[in-house]
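These are the structures, in structure tokens.
What follows is a pair of complexes built around chain A, which joins chain B in one and chain C in the other.
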Partner chain A sequence: MNQKQVDIKAALVKFRELLDGKMRVYMNACVHCGLCADSCHYALANPDDPSMLPAFKINQITSVFRRYHTILGRLLPAWTGSQALDRDYADKLVDAVFGKCTMCGRCGLNCSVGLNTGQLIRVTRSALVEAGLVPRSLQATVDNAINTGNNMAISEKEFVETIEWLQEDLQLELSDDSIRFPINKKNANILYTLNPREPKFFPLSISAMGKIFQTAGENWTLSSNNYDVTNYALFSGNDNEARKISGRLINEAKRLGAGQLVLAECGHGFRATRWELANWAGEKSGIKIISVLELMANYIKDGRLKLDASKNPERVTLHDPCNLVRGGGIIEEQRYILKNAVKDFVEMTPNREQNFCCGGGGGMLSMGEYSERRQKAGKIKADQIRTTGAKVVATPCHNCIDQLNELNTHYQLGVKIKTVSEILAEAIIFGN
Partner chain B sequence: MTIKLPDGQEIAVDKEGFMVNPAIWNEEIARHLAKLEGVEELTEEHWAVIKYIRDHYLKNDLAPMIRSICKTTRLPLKKIYTLFPAGPAKGACKWAGLPKPDGCV
Partner chain C sequence: MEIINLTLTAAVFCFISLGIMILITVSKLRQDLSEPRGSSTAGIIYAFTKGLMPQAKESASHHLLSYTAGILFHIGILAAFCFSVIIYLVLTEIAIPDWLLFLIVALIIVGLTSGSGLLIKRFVNKRLRAISNFDDYFSNIIVNVFLLSTLIFLFSDSNAMLRIMYIVEGILFLYIPFGKLRHSAYFFATRIMFGTFYGRRGVLPANRKSVGNEPETS
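Right after this comes the complex of A and B.
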């Protein structure tokens, strides 16, 4: 838990504030049909534990609604199954909404009455964040972003040195001194963003994008201090912090006079900045925001990249990140890219908007306390991957990559996990 | 959670195997954490990375950038990923006794 004093009343005040007409309908909508059981990776991986059922978690939330917002619930708690929010019950809610759900939205998509379960869970997280009950590790990632500009607390100097190092390496690798990784360039066509774990630990995807931009002849730039595409406040439920984090990218794109803001391969970051920011800010950003997958697909369509798919001879399958696909609407671009860049592409089943969460979403990856549950829930994904017979799993999300890497070891899948840009860059015929 | 070292001593780790008290780290612990992940023998190259990460952490309270790891140890990037199958964060930093880094790791 973070250092803030726990304040249960503050949670109830926030809960009330967030109860608009839509939320009140959701609070009364579940008909206990049980259809959600088959759509949740947590429920499927834990068939003997009813508390993993989405309907069970929803009831844990709506019982508090009934206690404070219905007459019968207030007068007859036992009769209506309503529940007062005390410290004990708040801890149970924390365990349910942070520790047993990745807000992947799959149960909502398959719900018989169309209940937006992910939104219900997030509203509850928003209330608990006010009480000071957000898991510490999740809040630490948000705090880093707020205090240092990126979620891994990378200094501007370290960042710039890393980008220069990657530029130099790519120049050597491709024997081309003209390759540039521009930083803070004004009036570029594109302001590109990164997940901080790329410069910190896994920079091959930055080199891949450098190669793609160079080949496509793009006029692009990075920002030296406002480049973080992630937004963990989407997961903590704190709208003020969420607005600040995503808003910085918009401000930076405007300050640099960039033509468009291009979001890196990051599921929740895309959803946060492309779609949710307008809700948090109460206005549209006034700038074109696209996913790098849309950009790469367009490069191929426009003939700006020459590709040789035989450079990627192994069988490749694709994992669809929930917040990019089901929650973000970017569905066909990644398939189009892979079909052009690899010899043998196979879908996993189910796929697209019906795909299962890898188990690492919703901030789960950062919350070590739930790591056993996370690995167990990931079995559904591991089975999906194994069935394809693929040697490579492509996924346009760094959070998914880390979880899939763990599943790869834990379930001995024997696959390589890569970003889409890494695979595309591999297929590029560079030079004349 | 605790794990038991070959000499019988028990050390506290979190659910992902990162040390709860980084201050008590020693080389024996590093060897044992590596073994738990299937790496039986730590080579000179492993130690160069682990010791640099450890020093950097003690001075700065943070894991170093991958660039500094490569520059200091003179190891190429791809070699780091081979040496530490779980990667720089969940492999190298863990064996060097650091707490889990924040972010998408």
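Right after this comes the complex of A and C.
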């Protein structure tokens, strides 16, 4: 963050601008009952630190609202705990909304009144972005996506070469020269997206999807330069940048004449494109957008994939990405797939919309300055995993995979972390 | 009767103020342009029914005592408000059955006990103190004082207590739109938002059988 560029007034103007009906309700809703404390992984991991309580963070935000947007807050700020936004307080807010919250929404789901904390936190991030107070590391990830088309700044040449290599590899593995990983194919049924971490670090998950598409007989394509499903501007709070990033996928799908846009296993990417984009853009997306989990579940239901669950004999549990499940509504598909593809599936407790965040959400993985807190807050997830006795943790999100890999090492869980498609691909019976 | 009229004026002021706040809020609502996956209506119905039950949220299931105290406190407040309306009716010579008065007394006693308990909790619990300001304490105290004055009047049947009860109630009505107590209106708005958000996205009410479905419209 650059001291010279900080513009507190701009933050207040943005804050006011973002106070739509919903936000006005949320700003007035918290009754300070404190009963959400057990619902936040930060509060649970830091029981002696009241600043980790969801209600504390909410109060830090609403105190600014009260100061500028309520009569009593303006006349008697001390009475209502109202707070003027100056540089010092803005820094405290940055620490609270970027460093102590993954916008997972779990506290909101369990709140006495139902206050959507994640949305409140994002609005505050948006205002702080306007002041120039977004953490640099988070903004760098957004800048990469804006400037290069993907958040890992992979060149088009490098990407195409990786895909061609994966295609050859799968042709060899399945002894089938007809296997194709189409790029920029016109009028395919599906434009499939990727998390740039896949071509960069986890190419096997692309191979897995290649196998699945091939076996299902799908007419699909990738784009050579507009494939990045992630959208870190969802986390930075910058709506314009968020619209540009996710909007490119829609434009690309339309340019290629694809029948539908299929979003890869990425919690926040799904939420950004499926749920938030239309509102950022101010218009409906005009194309069918689904999660690859819906697609894979349909393949199984329709008999387009034949599976042998005994190919995945180890006990598997599932981590639900917050933005996909609680914030995205994709809840049963991943379970349906795993129940068909593995021999021994166990749920962790709690699960589905009540899942705990792994600690890697909210852009945390890109903000190195908070990594110690992130690891500590991840203990709740580590304990959940250990209790299941599973050897494999499936999760349909590459951000979660990164965080779970770190937790695996840090808390010595001794598990393998995989995407759902990797597990499904393992179970496929070929040649039918 | 003069005091009662002043209290009535305060009540009208309170309702108009809350009404204006809600109108401003509603006028600033933005339409959600995303394609629904579930039903907002089903979500809102859930938010006001099953979603309020202890098993639906940890704030209740993990804190049953506080949850119960909160509910009883609010029922007590409602009973006390009803009682002041009843007294108004009595003064205009409409008969009130004994059982109703008995019920009101019981609810106010339980409400006052719960409210006082929650106030003590706010004073002694370190975490709760960290998220509380004067408004939180005052809001609880003024409501408890209102319940107490109503109760004392019920037992003393004195004109002085009747006046005090209506004065406290008037102050309460005047304060509601300004402080934390305006959640009396925003609570309902928040539940509607909650139901709309989770209902539209197909998260709640939970549908464990929904797999790979096409989006439904709300």
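As a working rule, the second predicted complex is superposed on the first by the 428 of 432 C-alpha atoms of A that agree within 3 Å, B and C clash if a C-alpha of one lies under 4 Å from a C-alpha of the other, contacts with A are read in each partner's own complex, and residues count from 1 in each chain.
Note that in this section a contact is a pair of C-beta atoms (placed from the backbone, for glycine too) under 8 Å apart; a residue touches a chain by one contact, two chains touch by 3 or more.
Bear in mind that the values here come from a model prediction, so they are computed numbers and not experimental data.
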**Report entry** Side-by-side fit of chain B and chain C on chain A, or clash
**Finding:** fit
Query - Contacts of A:59 with chain B and chain C, given as first, second, both or neither - result: second
Requested in this report: Examine A:156 and indicate which partner it touches, taking first as chain B and second as chain C; both and neither are also allowed.
Outcome: neither
Requested in this report: Please work out whether A:284 is in contact with chain B alone, chain C alone, both, or neither, and reply first, second, both or neither.
Outcome: second
Requested in this report: Could you let me know whether more residues of chain A are touched by chain B or by chain C?
Outcome: C
Query raised in the report: Just chain B (first), just chain C (second), both, or neither: which does A:336 touch?
Result: second
Query raised in the report: Between the C-alpha centres of chain B and chain C, what angle is subtended at chain A's, in steps of 10°?
Result: 140
Report task. State whether A:113 touches chain B only (first), chain C only (second), both chains, or neither. Result -> second
Query raised in the report: Touching A:70, do we find chain B (first), chain C (second), both, or neither?
Result: second
Query raised in the report: Thinking of the overlay built on chain A, is A:34 touched by chain B (first), by chain C (second), by both, or by neither?
Result: second
Query raised in the report: After lining up the shared chain so the two structures overlap, which partner does A:78 touch, if you call chain B first and chain C second: first, second, both or neither?
Result: second
Query raised in the report: In the superposed arrangement, does A:165 touch chain B (first), chain C (second), both or neither?
Result: first
Report summary line: Overlay on A puts the nearest Cα atoms of chain B and chain C apart, in Å, by 25
Report task. Show which residues of chain A both chain B and chain C reach, each in its own complex. Result -> none
Requested in this report: Spell out the part of chain A that touches chain C in their complex, as residue ranges.
Outcome: 19-22, 24-26, 28-39, 50-51, 53, 55-56, 59, 70-72, 78-81, 108-116, 274-279, 281-285, 289, 293-295, 297-298, 301, 325-329, 331-333, 336, 352-353
Query - Touch list for chain C against partner chain A, complex - result: 21, 24-30, 32-35, 37-38, 47, 51, 57-60, 62-63, 66-67, 70, 125-128, 130-136, 138, 178-180, 182-183, 186-187, 189-191, 193-195, 197-198, 201-204, 206-213
Query raised in the report: For chain A, which residues are in contact with chain B within the complex?
Result: 137, 140-141, 144, 151-154, 158, 161-162, 165, 169, 195-197, 199-204, 230, 365-366, 368-372, 398-399, 402, 405-406, 409
Query raised in the report: Hey, which residues of chain B end up touching chain A in the complex?
Result: 14-16, 18, 62-63, 65-68, 71, 77, 85-90, 100-105
